[in-house]
Every structure is written in C-alpha cells, then in structure tokens.
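Dropping the structures in below, format is structure tokens.
After this come two complexes, each holding subunit A, first together with subunit B and then together with subunit C.
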Partner chain A sequence: MYKLKCRLGIINIKYFIGILIGMAVFIAVVAIIRLDITGDKGSGLGNEYLYEIDLSVDPNLILYEESGESMKTGFASTHAIALDSQGLMYIAGDKAVRIFTESGKLLDEIVLPGVPRSLTVADDGKIYVGIINHIAVYNRQGKQLASWESLGDRALLTSIAVSGSDVFAADAGNRIVLHYDTNGNLINRIGGKDEDRNIPGFIIPSPYFDLVMRRDQLLRVVNPGLHKIEAYTFDGDLEFSWGKYSTSIEGFCGCCNPINIAVLGDDSFVTCEKGLARIKIYDPEGAFVGVVAGPEQFGVTAHVCTTPEQCQSGGFDVAVDAQDRIFVLDTIKNVVKIFTRKKAG
Partner chain B sequence: MIRIGYIIIGIAVLCFSSGAASALERFPPPEFEGGYEFPSTTTPHPQQDIYEYMDTVVLLAALSLASYLVLRKRSRRAIFILMVFSLLYFGFWRKGCVCPIGATQNIVLSIFDHSYAVPVAVAFFFLLPLVFALFFGRVFCAAVCPLGAIQDLVLLRPVSVPSWLESGLRLFAYVYLAAAVLFAATGSAFLICRYDPFVAFFRLNGNLNVLIIGTCLLVISVFIGRPYCRFICPYGILLRQLSRLSKWRVTITPDECVQCRLCEDSCPYGAIRRPSVSWPETEYGRGKKRLAILLVLLPILIILCGWSGSGLRKVTSRMHPTVRLAERIYLEDTGKVEDTTDASLAFRATGKETEALYREALNIRANFGLGGWFFGGFVGLMIGLKLITVSIWRQRTDYEAGRASCLACGRCFKYCPMEHARLNKTKEALV
Partner chain C sequence: MMSENKNNINRRHFLKDGVWATCLAGLAGLGGFLLSKLKKNNTVWQIDPYVCVACGNCATYCVLEDSAVKCVQVYEICGYCDICTGYLEPEANPPDTGAEKELCPTGALKRVFVEDPYFEYNVDEALCNGCGKCVKGCTVFGNGSLFLQVRHDRCLNCNECSIAAACPSQAYKRVPANEPYLLKKMDHA
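The block that comes next holds the complex of A and B.
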C-alpha cells in the first residue's frame, strides 16, 4: 500500500505539472487566437451592453399629417425657421435669411455677414438674427438696423425670443441665457449654475439650445443635457421644469434632447429631437400628448448617431403659425415640411 | 510536500492578482454627467521629464550594481533583492514603461520615419542594457528587467526543457523580433508593447486576452524558468548576441572547475554547458557533409522565407490602420457589407477622397511587400543558422555557463565547492 502511494505520488506530481503546463499552453494559444489584432471585433461586450432603443413610432400616436409638398429653401445648409404675424416664413441658412410666402414663393433675401444660427421675428416686424456670437437686427426690407456687441469667440447664439421690449438670446457656447432690451443693452444673465437659487445650470453637449416666450411671461428654456424644459422669470428665478430621460416615446433620449421647442395656441409645446428625429406634442404641464412626425415622415433612416459629426448636427427646427400648423425645418434635406392636425374621426 | 504547498500558494496568489486585475471597469462610464466641465488642455508637468531622467539614472545604477553583484560579489541573495527592487520600481511603480524591450520599436520607427524623434530616455533604455551585455553579459536579465523578475519570483519547481525543444522554441523569439521590427518600421503597431503579457499586472488593467496570456505564462513560469525571456523576448535576442562577445561574464566557479558535477542540474534555464569530448571519428565525416549541405541550402532558405514573407503582405499589412480602413471602405462601397464601422463613418465625415485612401493603402502594402522580404529572410537566416549551429561540435573541458543563454541569475554559484571555499576564505579573512 505504501509502495503504491509512493508511486502514485511520483506519478501524480509529474502528471500534475505536465497537465498544468499543457493547460496553460492551450489556454494561452486560445487567448492568442482570440486576440483582436486588427480591432475588428469591437469591444467584445455582450448584447446587454448594446445601446438599443425602439426607433419606431406607433402610428396611433401620430396626430398630425403633412400638408402639401416639402418646400425647398435653396440653401446648402439651414439652421433656423421663424414665422411672422402675417404668416411669412423666414429661413436662416448659409449666409442669408430668405423670406418665403406660405406657398413657398421666395419674396426676399437678406444677405448676412456671417452664418446665422438663430432667428426670430418680433411683433413690430424687426428680424433678429443670431450670427454666431452677436445679434444683428434687420427690417423687413433687409436693411440692417443694429449689430449688437459680440459676446466673444466662445459664444454661439442658437435661439432668440422677443417679448415686448425684452430680448432673450440662448448662448450655447457659454451655456447662458442673455436678457437684453431692444437696444441691445444687456440686462441680465439667466440660468447660470447657482446652488443657492436651486439652478442646476445648462448642460449643452451639442450646439442646440433653444428658448421660447410664453403668455404667462415665463421664459421656457431647454436644458438638453438634463432632458428638461425649464421655466424662468425675467429675474432669472427657476420656477419649475418638466421633462424626463426615457427611451420610450413619452421621454427624451440621447445625450441631449429636445433641441428645439415651439408653443401652440393652447400653450402646448412642440418639441423637436435630433438623432432620433421626432416632433412631439406636450401639454402645458409637460404631459405627453402625441406625435407630429417620426423618422419615417422625414424619410430619414432612424439611427443613433455614432460619430461626433453626426451627433453635433442634424437638428431640425420648428415653428408654429397662428392656425397651429407646425412648420418643421429639415436641416438635412434643407426643406420645410408643414404639418396639420388630423381631423377627428 | 512543502513544494506542493508552495505551488498551491503561488497559484492562489496568481489567481488573486489576475482576479483583481480583471475585476476592473469593463464598461465606460456615462459620457455626460450633470455639471461636468471638460478640463482645459494641459502641457505635461515638468516632473514627468524628471521622472524620465530619474528612470535612466536608476537603470544605469541598477545595471552597474547588477554587474557588481553578478561578477564580483557573486551573491544570489543580493541579485534577488535587486531583482525585487527592479520589479517594484520599473514594474509596479513605473508601470512597465519605458522598457528596453519596447524601446526597440521606438528606435526602429525613428530609423524609418524621420519625423519621429526618439526621446533621450528611450534611447538610453534601449542602449544601456546592450552596452552592459557587451561588457558583462546579460546582467539586465539577471536583476533589472521587471518582466524577468516577475517570472523568476514564481519559479517554484523548475523542470528541465530538452535542448532540442529549447532550441526550437527560441526560434519564436526571432520571428517575434522580426515581426516587431516590420510593424514598427511600417508605422503599423508597436507589437511588443501592445501584447506585453505582464504589463497588465503592473498596471492592474489591460486586455483580457493579454491578461490570460500573462497568467498562463506565470503558471508555466512556476515550472519552466522564465519562458518569456527564453522563448519569446525579442530584446533577449539582441542581448544574447552581444553577450556572446562580452568581455567579462558569469562563471559557475570562481576558480578552476573540479568537474564535481554538482552544478550540472542547478540552472533552471538550461544554460549550463557540460564538458564534451572531441567528435567521434565516425561522426566527423557525416557532420562535415551535413554542414556543407546546410551552408549551400542557407541562401535558398533565406530566399524562400523572404518570398513567403513578402507574399504575406496582404495579411500583414492589415495591421496598418490605413489599410484596414481602405479595405473596409472598399467592402462598403461595393456593397459586400451593409453596416458601417466607427472608422469608416469618421473617414466619410472628413470628406477625403476614397481613391486617395486606396493609393495610400497600396503604398503601405508595397512597403509590407518589401519589408516582408527582410522579415522572411531574417527568419530563414535564423532557422538556417540554428541548423548549422546544431551541426557544429563544440569542445568543452569544463562546466560553463552558456555565453548567450546564461541569464546571470547566480543560482549556480552555491552549487560549486570552489565557491564555498572562496566564501570561507573571505569569512576567515574578515575574522
């Protein structure tokens, strides 16, 4: 028995070492074969890590339909759309603002010194254009009335709203809302991070930062990084906010959505999302109402942006006219689509 | 029984360390978080430059001390302590970078790409161990290389590797060196750094497959002394050749060899050469004929391997990102694949012409074709020389440490009775 144990002991340790080395060599060879030398295998993470969201829109949720043909703007690149009280369309693109009739007839063109990133038309007919880092004011005839002081190299004015004698501009570069009077005097800065006032600050991962004025005299500012619409007083107090991150249709997804908003006659909101191009309606309290259009209506492939260039561009702009028709500026095809509410039944 | 205990403890330590390394973050954190502000671009802190020079000074000091300990002091314990220090300093503290093994690629790239400048510290890291090898043998391997040290520490139950197998496996190091030079020269990749099997341990982070390879090598190292150094290390090839020419080198005995055979099995790296008699008359004629045939076949082997290496350019050139991108764009444009990759999307976003990309890729592939000749030719030459070496009978009268293969670890010292006599004399002198 003792002899047998000894023999087994000798045999075992030899086998043990041999098997261990053999296994180590085998595993190492497998690991070498599995090496992703060319980097084609990607991260190697399982499907559970895939960024998968439901890109389709339930047709039953679509409350609007496109009316008429898409209107070509003639621009190589477009950035903003605005409507005036007479129903004329103002499109900012390339280095100009073009004025169209509702039927798409080009009435006029205002040539600008730079690329316009934002645009609004005041009740008095003055056209406020955000040209990269400063605001320029024009009249309907295209005459420049004023050019306000530049906000510096970092500034990027992506939205303007006018309410009486107050002008508000969203500066995506500096992540702040600027409150001016109509003469271009800076009155206040709104929305800077301030823990004492419970203001979280704006998170703007991509160059989309919109604001609108509502009849309740509260400024609605999109905080895209937080997926919220925030309501501010003229003094810069944050009153409330709504909006939530969700991959479902009720919420906003991606890094930074919504990117643009507009207000309907009943104070409901029209929101515009990029990446997954969706135009949606929310009631005045921020509850989801329905969909104006999804990716299919724009004829674009629903996708999640994968390159910085894709993520930084492709954001549509939206405007609403007196009949609550929704004008969507497709900045990919540089056309305008008009959506009207489907008739009940 | 005690040895088995050591082995189990060693394996437990390995599993624990590799487990800790693999438990690191495998999924990137969210890209956007509230209030995050991108830090402004900073230039390297001056202290980093100081570290580089400090590393060079430490390397020089460690090599000098290793030479003293190996050749004069002849103390395995002191060599071991220095080895542990090197592992902690160059390995775990400096995270295995810069290392002379990887520095080979920097030097190669600087030769082929004139726009690439080699940092002074990297140049010193490449040259200093070679210079020391030329004078003192492989003292770098003995006590300064962290890769060697980590394997040496886990060597608990050495088993010998047959010399034919050792010779065969060592060819892999030549292939690896040639491949590393080819990919560095073409600006494709720093192969040695990318697949360094132990750097993941030093950094507690790394590719899972490389970590597995490193763990397997450490498991093998428990039984087979320093497998990476002996069969894989491309820098070791350079050190081997220079060590052959070294002015001073390790000797097993401090005096004359008494042929007691006590040291015969003391080297876990199979570096001790036994005394050999002259060739038997009957073998001499056959050996001479075999040598003549091999010498004639050598150029044929070189050309054949060179041709094969060049023929592999379609495969080898895929290591270059431009070639990979061009192939991907071609597949997408011809509809052979439907999806896109990040690289292809990024390329299309640049607006560059596809034709220009194809031209660039073809140029790179042509470079691989030329480089493949050298790569294959070198491998063929090494195979041929290896066969020739086997056919040459070397006469030895004493037990000797192999000039090229001795890692100067000093393990054999204590087996020599003459060494014990020397130590006793030293002690007596001290008393």
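The block that comes next holds the complex of A and C.
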C-alpha cells in the first residue's frame, strides 16, 4: 500500500512537471508568435499619427497617357532633362550629360567636372550646363567651348534658358535670376526683392527654381515659396503672376511648388510638383486645364513615401518636344517617361 | 633504441606544445572577447536619417516609456517656410496656423516668426515622442531638415535595441560613441 502511494506520488510529480513544461512551451510558442521582431505589425500609434494625404487624381482630369516603356538613363542620380530641335534627349545626372535618341539609344556622353543641376540646348546646338555655381558650354561633340565665372559658394544654378543672344540662369542659392549674353557677360540681375518696383523677391525654401522663355519675350520664373509663376521683362520689371496655394488639383501644394515648368506649342504651361508628384497643364493665362500624370502614374500609391528612395528623392523635371509630347524625368527611378495627349472621343 | 627515444621526445614535445597551444588559444579567445566587449562599449545605436522612413515604430518600440528617439532640426537645411509641411496638416489653410491645424499630435514643434515671410521651427524634446510625423511632412515636401535621432542622454544603449529589431528600413546602426549622431548635411537638401 505504501509502495503504491509512493508510486502514485512519483507519478503525480512527473505529471505535474510534464504539465509545467507543456505550459511553458505553450506560453513560449504563443509569445514567439505574438512577438513582432520586425515591426511588420506597425507602430500601434493612433490615427492622429498617420501622415496620409489624398493622392488620387480624378481620372476624368487626366488628359495624357504614357507612350511606350520608360527609358532608363543609367544614372545613379538625375537632375535635369532637355530636348534639342531634332528631338534628341539630353539628361544631366551624376557627373555627365548623356544624349539619347527618342527610342532610348545612348548616342554620346559628355563627362563633366562636377554635378550638373541644370541644362538647356540652344537653337544653335550649344549645350549650356549649370554645374553647381557656374555655367559651362559644350558643343554636340562634347568639347567644352566655355566655362563662365563662378558665382560663389552660395550659388546653385537650377535652370538655364537661352533666347537668341540672351542667356538666363536661375540661381537658387542667391535667389536671383541672372541675365547674361552668350559670351558669359553678366547684363542684369532680375527678381531681387524691391518694394518700389512691386517685386516680392523669390522665396526658395528648396533647391528648385525654374525659368522658361516664352514667345511673348517675357521670362516666366517660378516663385515656389509663393506658389506662383511670375512674368518678367528683360529689364527686370514684374509684369504679372499667376498660381495659388491649394492641395486641390487646381493649385500648388506643399511648402514650395511648382518646381519645374515647360511650355507647350500653344503657350500653355506644363507644371511639375514635388511631394505630390503631379504634372499638370495650365493655359497661357494660368487657368487649370488638366493633368498629365498624377502620383499613381509614377507608382506612388497609398502613402506619400515608404522607402528611403521615395522619402529622400527630389522633384521631377519636365520638357516638351515639337510634337507637344511631354518628357518627364523621374528622379526616383532615374528613367524618362513620355506622355502624349489622349485622342478625343 | 633510437626510434624509441625519438618517440618519447616527440610525445613529450607533443604534450608540451599542446599545453602551450591551449594556453595561447585561451589567451587569444580572452583577447578577442575583451576586444569585442571593448568595441561594443565604444559604439552606440543611431538612426541613419537617409534610410529612415519615419514609420512611427520609434515611438512605441523603445523599452523606455518615453522613447529615446526625438526629432531634431538642422537649421542650416531648413527652408524657414511659411507653409511648413512638417508643422501644418497638408490640408490646412495656410494662414490658419491654429493648434488644430498643427501636424504634431503632441504639439512638440514650435513656430517662431523670424521675418516676413520666414519662420523658425523648434522641437520641444519634452513633448516629442519620436513618432516621425513631422519628419514625413518635412521630408516629402520640404528639405528634410527635421529627422529622427537617438538621444544619448536618454538611450540605455541596449545590446539588442528593440527599435532596431522593429525598424522596417534597417535605418538603425551602431556608430562610434565619440561621434554618436548622424546629422544630415546641406548637400543632400
């Protein structure tokens, strides 16, 4: 009887230990399953911590469609796109300018001494490149024809436009437009704050500051901090401006937009925004016409940015060819997308 | 006979060499262990701001009740914007900068007028919980002058940082303790 009790006692203790081990294993398994060691379950923060904005664009407003495949530039980082009168594409990136055919075939590469932030191709074929703080001029064969005087450490040339014998450069660092002749002689400074001339001055929080020349011989300069496009004479008089801040599709959103502009054959404007990557069309007077592409066309869906590349990327650049096709340089993926107007009906 | 002596000597040498080898291996192991401890003690956790996606995990995964991660501002990069997208809700009407339009859920980002039309934005660390909401707004639309950093006056420098384990973009890395912060630079703005 005693032996039996002992045996039962031993059996009970064994069972007890077994149950304890079983429970411990069960708890461990549950803990491992519940443990979020990768953060995949999210932060657990409430809705007030979400940063989401409406990225959707009314499909009825989209007037353009992408034609063909995106063209790879081969650059690790890209900054500017320009087209010449023959339809060749010039892409500025890394420390070079690459020249492509429309089909994406690489024709030439011009190696530069520094990082190009802007470029344009004049009617005579000369390539003007803004290399941080100075302009360098090259021919189509890649020979350097001139290197203009540096504008100093603060300067950052983010746009160049050539009209006949006049060259205009947007200096984002010094918040001024410089008017040169084609030999690099400085003629005038345009757009500095001047209350007597009713010029507000350029507000440029980010290093994006674009300008284009229109056929009316008025220079159009983006004032991104004011969300406006301003029209200046060659003498520096501010004639008029248009544009307004708004997150709605008709306006420009964020701290400082648009960042880049181009002009269509009918003198309408193509505008390019960063943050919310939107390419839009405005008529010559600045009235909203429609959308070329919205965030969805550039692969941005639910969130504004979820990858380091998206979060740290700059703004896109835009150019227009003689057929009014719109070439967008996607500086996140370093590719060029070509958009053509949808056929009516 | 010669062969036997040679074998004895070899055995003795073998044992002697074995003891020496064991001692040396032990010393090397001890040295390596101490070196690794020393190295670990000379590094701290930090967030690479160019890799961080401001997911919000820093606010909730830190073992401290009040996260050691705080938002920092690099004034050299800041655009001093009137419409600061790190400060205002995206849909906010720009002239209306009332509290209800502020992006920061804890009111940790303070706006100070500098001169028309520029404003300075300062982080109140006591209120900041490292959620990164302002970082997202500033980075997406602005210059990214607001970003998250592990503050070493608070961080316990855990061997296995729980935020690092939960970081979806692998932005956490060990950096030398004598250079404990990874600050953004002007050329990236």
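Couple of notes before you dig in:
Convention: the second predicted complex is superposed on the first by the 279 of 345 C-alpha atoms of A that agree within 3 Å, B and C clash if a C-alpha of one lies under 4 Å from a C-alpha of the other, contacts with A are read in each partner's own complex, and residues count from 1 in each chain.
Keep this in mind: contacts are C-beta pairs under 8 Å (C-beta built on N, C-alpha and C of every residue); 3 or more make two chains touch, one makes a residue touch a chain.
Keep in mind it's a predicted model, so treat the numbers as computed, not measured.
Contacts of A:G225 after superposition: both subunit B and subunit C are touched. In the superposed pair of complexes, A:V25 makes contact with subunit B only, with no contact to subunit C. With both structures placed on the common chain, the touch criterion links A:P205 to subunit B and to subunit C. In the superposition on chain A, A:I13 makes contact with subunit B only, while subunit C stays out of contact range.
By the document's definition of touching, of the two partners only subunit B reaches A:K193; subunit C does not. Once the two complexes are overlaid on the shared chain, A:C255 sits against subunit B and subunit C alike.
Legend: residue contacts after superposition of the two complexes on their common chain; A:G275 is shown touching subunit C, with no touch to subunit B.
Once both structures are placed on chain A, subunit A residues 36-40, 44-45, 49, 203, 205, 225, 255-256, 306-307 are touched by subunit B and, in the other complex, by subunit C. Those residues of subunit C that touch subunit A in the complex are listed here as 50-61, 79-85, 90-91, 94, 103, 105, 117, 131, 133, 136-137, 139-144, 165-169, 171, 188-189. Subunit A makes touch with subunit C in their complex at residues 36-40, 42-46, 48-51, 53, 203-207, 225, 245, 247, 253-257, 274-275, 304-308, 311-312.
Listing the residues of subunit A that touch subunit B in their complex gives 13, 17, 20-21, 24-25, 27-28, 31-32, 34-40, 44-45, 49, 193, 200-201, 203, 205, 225-226, 255-256, 306-307, 309-310. Only residues 4, 26-27, 31-32, 34-36, 157, 159, 195, 207-210, 212-213, 216-217, 219-220, 222-224, 318-319, 324, 340, 342, 345-346, 349 of subunit B touch subunit A when the two sit together in their complex.
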